[in-house]
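First chain A sits with chain B, and in the next complex the same chain sits with chain C.
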Partner chain A sequence: MRRPIAFEVFRYAAIALAVAITLVPIAWMTSMAFKPTAEWQATGANLTWWPKSPTLDNFRFIFGQSSTALIVALERTAAKPILSSLLSAGFGTLIAMGAGTAAAYGLSRFKAGGNLPLALLQLRLFPPMAVMIPVMVMWTFLKLNDTWFGLALIYGIVTLPFAFWLMKTFFDDFPREIEEAALVEGCSRFRVFLKVTLPMMAAPLASSALFVFILNWSDYLIALLLTNREWATIPVYMASLSSSMTGQLYGAKAALGLIAAVPPVIAGIAIQRHLVRGLTFGALKQ
Partner chain B sequence: MTSFAETEATLAIAADDADRADRRLGLYLTLPAQILVLFIAVFPLLMQLYISLTSWSPLSGRGWWDAWTLWNNFANYLNLAVDARWWSALLRTLLVMAICVPAEFLLGLALAILFMDNFRGKRVFYSILLMPMMVVPAVAGYMFFMLFQSGGPVNNIASAISGHNVAIAWLSNPSLAFIAVAVADIWQWTPLMFLILLAGLLGVPDDQLKAATLLGANWWQRFVTIMLPRMRAIIVIALAIRLIENFKIFDTLYIMTAGGPGTATETISVFIYKLTTNDLSWGYVAAIALVVLISLSVALGIAIARQTKRREAAS
Partner chain C sequence: MTKDHRVSRRTFLSTAGSGALLAATIGIAPQFIRPGRAFAADALAPGMIGGPTGFEGAERYQYGPDTPEGRAIEALKELKGAGKAPDKIVLGLSDGSIGQLTQPFPAGAPSIKELFEKETGIALDIVPMPNGQEFTKTMQDISTNAGQFDIYAVEWNRLGDLAETGGIVKMDDFVAAHKPEWDDPERGYVNGAKGVSLLNQYRGSTYGVCLDGDFQTWNYRTDLFGDANEKKAFADKFGYELAPPRTFKQLDEISTFFFRPDQNMLGSTDLRTQGWGYTNWYQRFTSMASPNQFLFADDGTPLITSDAGVAATQEYIDSLKYKSPDAISWSWPEQYGNFGQGGAAMTCAFSNLPKFLDNAGNTGSVITGKVGSFLPPGREIDGGLVRRTVLWFNLSASISAQSKNPEAAYLLLQWLGSSRIYSWMTANPGGYFDPFQLSNFADPLVRQTYHDYHMDVVRESVARTVPSINFAGATAFHSALDENLVASLTGAKTAQQAMADTAASWKQTFDKIGSEKMLEAIKTNKAAWPTVVDPIG
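Moving on to the complex of A and B:
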């Protein structure tokens, strides 16, 4: 279909505007991360959009190198929070994908599970804030407070609905003829699942796992309530990057923010094809 | 040599065995998920109900199982009914929804329409436009916190455009803080609407659009009579997802304003969070949480019932 030139011009103008608005906050944080202290402290007319003398000082600072310009040293470096985020989001993903994949297969093939799908949907509907009191009481009782595995366990439960619904739609699409052929060969049902279906589902499994990982990595509220000193995750730790003397350490925050933002953006672009399916609980397949 | 009937009988028995084995396997496979759901749903909800009937707090010096000694005759629920701070937090949450979700929907739909056919650079622009929703919300909160400082880039741009020195204290003015928070939410979640609605637009059958074009329908007529009705289900899904997620709004908002100035941007999640960590009145929090959970469940039930009724009517 031919479009008039005017439409093409309008389209590029509109998209350019949208792209600019999309990129400004990201670009600003990136620029701040590479600015030396004097530049990220600048305000008003002295702001620079592009770092005049780009430096890695902010990154060195959050990993423990003291800064002469700031006269502050960090009590704790960003290394442990990054480890905490990785461990809790990683193992949370493992729990969600393990339980979710098994349940999805059970439901997709054997109609097992009863009310499970609806219960999981409901789990997603609830604000996490509204179930945290009992979780905090239980976690204290079980000594899971402020540990990465306590956080991983709750992440696994919170993202279970996504893992389940995603994998269910993938299993629903998987041709049964292949499984039936293996059954005729004399494989048990469970062996077919393990040795035939799962290996052939490697790509959907990987995309779903990345999707669930992004969700876990993005959490703030739960970590804020369940961790404090020992195993604070990146966003929780970020709040401590300020001091009474110098106020907000924007440069350090921007550097850490950049570190936190990069993995999910890359993962998200990698699984772009499946994003719609994941976000709509498999109701929409692109 | 076995007769035909015998073979059939053995087959039937074998099928029966296989059936039972299948059912058992299905049960085993769903078991871990069931246990996790029970672990987070049934027992905690009972505990929540129990605590909500008392004035228990982690500072009260006794275990939660002893909370009955602090039984307070439904005072938590009665207090909630007249708690002005709760009602304004609820209203504010609904207001955020009423501003952000339609804005995200309209912007997302407009972008999706622009992306319907092929043009140079489409893939690159598409990837860029999706980026905000992958940024960790807490980090997005810090981004906008920096942008909206009175000596920050937003005012800087405004100064450059207006020619005057603009130094608005966005985050410490009640209504401006509200706008800043809404801008951050719209920035982050318009891409989600765009993504889903574009998938919906591309799913509209081409032949129908072509037929309508041949019959002389202009673009607007095709949009209203073919595309919109065809996308109905997808629009409902997109709106439902954003309404649900927006209702929980916490991360960006809490980092930008912490619910302030005062309580100017305090939504339900922020309100509950503050009661949990500052006031430590966990009995009261449990009551609020239960009220929220029950209201949402009822709303979900009604929505699903209506949806099924409509589907039955359609078929």
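Moving on to the complex of A and C:
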């Protein structure tokens, strides 16, 4: 049955609006990243969507070169914060996915862990900030403050419930008959998990990992509290990009924002094939 | 023939990875191949034992053995000789201020950090704290017993709160032993011992060393105010000559006159975002009576629910009409950025604004050579003009109770906060520390970077400055005021409701801290309020 034209027009208009709302900030950030200082705060008639005189100055600036039109000198470049974000978010994701997947499998298959699901859910019942004071005391005692591995550990803990619940849903939907067939053939339970189940769960694993990674990658508050100078992450560093000479360093922030968008985008493209499958995994029940 | 230009994921990732590596290499490499800076040759003036060298006028910042700086350095050397000095002193500092310690100024000079390390052999380890998060980071260090710092630098009016936590050291013994001369009538703090008490002390004991001069000051655009067409249009409309405003009524009229959003011009700007905005409310409220409209009565009753409090708050709300539509999200970066781009006729800012924006080296600023300063607007009361501004933010350094070397930390602060080194440091455009000592206002290098026209106005503004709440509970008092003022600006509360709710919250804080302690603190705070009233006209 053909839908009325008015409906189709409305549908495409709604889609176009949604796409525009989503893309406008990204387009603006991209444009700002290549604008010279003079165009950062242009308003009214001087405001343009695209840079009049495109430049790489903003990128050079955050990596320590002085800008031609900016007499501001940075105390720290963006190199270390980028490394810090990569290490802490990356290893935090590994911790959450490793522990979450193992726990989810145990619970899904053997009902092991008793109240584990609720216990893990408790981690998300209140905002992470509510427990940050005791965490800071513990991290200080353990000498984990201002270290990338300390940050990775807390990221792993905070995002563990997401990893666990997502993976549990996927394991619940995974046909047990396939595992049982392997067991009948003489495979050990661990080998079944490693060689049969996990490879077939690549798609859900990938999509869950990406979700967890983005959560860790975009955190500001935890990193602000648990780092000082050595291992400040991109969001914390970005907040410091302002100067008395020019006010907010919009161009530098946009350049860093653009760089910060690269790892999730690359990860998304790399697992694109799995991503769609992962997001729809279990959508069709047996 | 068609050619399929598909890019495989493998190729994409490989290319993206190579590109990222190349970009990072291009970006990072220059840091490591920059040539080292040449150190200036040493040449101290006769009789001097230390200080900067290598630039014209350096002798003004050098010191003999009988000066606060000289005594501090000698004492540090003694500690070093006795094996009692640390290898390094860790100083937590607002990230925007660090440049004044690490960047050499003027050409040929060493940096403050280099000089200190060279003279004492003790490394200065400066840990950046995000601007605006200084108190949070300090409380974090205290509450978790992290012991990451020897010295904290936080807003001056948090001294009471910090002292009550036991997280900072009482410096009285060090002050007695090393004689910092902060109250020197020629070079020291404005108002001598009274000024020292205000800035460095809590309940009669020294807990901090002032490192800033955040007296809110007013600036205007001389090109706009001097324009013949603007002057005529203004006089025709309002019936008096266009000049920097002397009263809040004039401020509102002139701001309305210049408010031209179609030309990207705002009437006047200030700090309005949560956490910063109440400083401007202070100016309107405290000038409501002569010589001062106090915040508290002598018995501790909040006075902000009075007609004066409600009227000042209503004015504060109404002034949004000639500001940016997003004014209540403005902090100093937005304010400085806008003014530097010629986006406002007037602004109330930290005293360093002309240093940064009326600066030939700041090629991004379009207002260089077009800035003037004026005393805060006020009100005509009882035949006099009451003009008040406020001391707010103003970083002050304290010694951590967890420091293993409190005396060495104190000696660094005495050296850094004394008039010779401080004048040299505050002249440096690399950071936010502003002039506040008598010697700073008269120093040629400071006057050069801050401008003559501005320094005289700042000095006079200091005489008209009220201190914000600086006793125990300051954080709670200001948070309540701040939250309610923001609610009034967004229309969530009326001026009357905002003041009533603030007063209720203040009363709770007052009762929690205790009447005896509070009344003593209020009395001490009031004693530091100004008495200057200007003639009308």
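Here, the second predicted complex is superposed on the first by the 254 of 286 C-alpha atoms of A that agree within 3 Å, B and C clash if a C-alpha of one lies under 4 Å from a C-alpha of the other, contacts with A are read in each partner's own complex, and residues count from 1 in each chain.
Keep this in mind: contacts are C-beta pairs under 8 Å (C-beta built on N, C-alpha and C of every residue); 3 or more make two chains touch, one makes a residue touch a chain.
Note that the coordinates shown come from a computational prediction; the quantities given were computed from them, not determined experimentally.
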* Superposed on chain A, are chain B and chain C clashing or fitting side by side? -> clash
* Asked: Touch check for A:77: first (chain B), second (chain C), both, or neither?
  -> second
* Mind working out whether A:261 is in touch with chain B, chain C, both or neither, as first, second, both or neither? => first
* To do: Would you sort A:112 into first (chain B), second (chain C), both or neither based on which partner it touches?
  => first
* Give one of first, second, both or neither to describe whether A:225 is in contact with chain B, with chain C, with both, or with none. => both
* Identify the partner contact of A:29: answer first if only chain B is touched, second if only chain C is, both if each is, neither if none is. => first
* **Partner chain in contact with A:270 - chain B first, chain C second, else both or neither** => second
* May I ask you to decide whether A:137 touches chain B, chain C, both, or neither, giving the answer as first, second, both or neither? => both
* In the superposed arrangement, does chain B or chain C reach more residues of chain A? -> B
* For A:127, select first, second, both or neither according to whether it touches chain B, chain C, the two together, or no partner. => first
* Structure fact -> Given the options 57-65, 93-101, 111-119 or 129-137, the segment of chain B that clashes with chain C spans residues 57-65
* Common interface residues of chain A with chain B and chain C? -> 43-44, 133, 136-137, 140, 224-225, 239, 269, 272
* **Partner chain A, residues of chain B touching it in the complex** => 18, 21-23, 25-30, 32-34, 36-37, 39-41, 43-45, 47-48, 51, 58, 64, 110-111, 114, 117, 119, 125, 127-140, 142-144, 146-147, 149-153, 155-156, 159, 165, 167, 187, 191-192, 195-196, 199-200, 202, 234, 237-238, 241, 244, 247-248, 250-251, 254-255, 268-269, 272-273, 276-277, 282, 285-286, 288-290, 292-293, 296-297, 300
* What residues on chain A touch chain C, complex-wise? -> 37-38, 40-41, 43-44, 59-60, 62-65, 69-71, 73, 75-79, 82, 133, 136-137, 139-140, 145-146, 224-225, 228-229, 236, 239-240, 242-248, 262, 266, 269-270, 272-273
* Structure fact -> Seen from chain A, its contact residues with chain B in the complex are 1, 3, 8, 11-12, 14-15, 18-19, 21-26, 28-29, 32, 42-45, 47, 49, 95, 98-100, 102-103, 105-107, 109-113, 116, 119-138, 140-141, 154, 156-157, 160, 164, 189-190, 193, 214, 217-218, 220-221, 224-225, 234-235, 238-239, 250, 253-254, 257, 260-261, 264-265, 267-269, 272, 275-276, 279-280, 283-284, 286
* Structure fact -> chain A partner, complex, touching residues on chain C are 9, 12-13, 16, 20, 23-24, 26-28, 30-31, 95-96, 98-99, 102-103, 127-131, 133, 137, 140, 143-146, 148, 262-264, 332-338, 340-341, 343, 352-353, 355-357, 359, 361-365, 430, 432
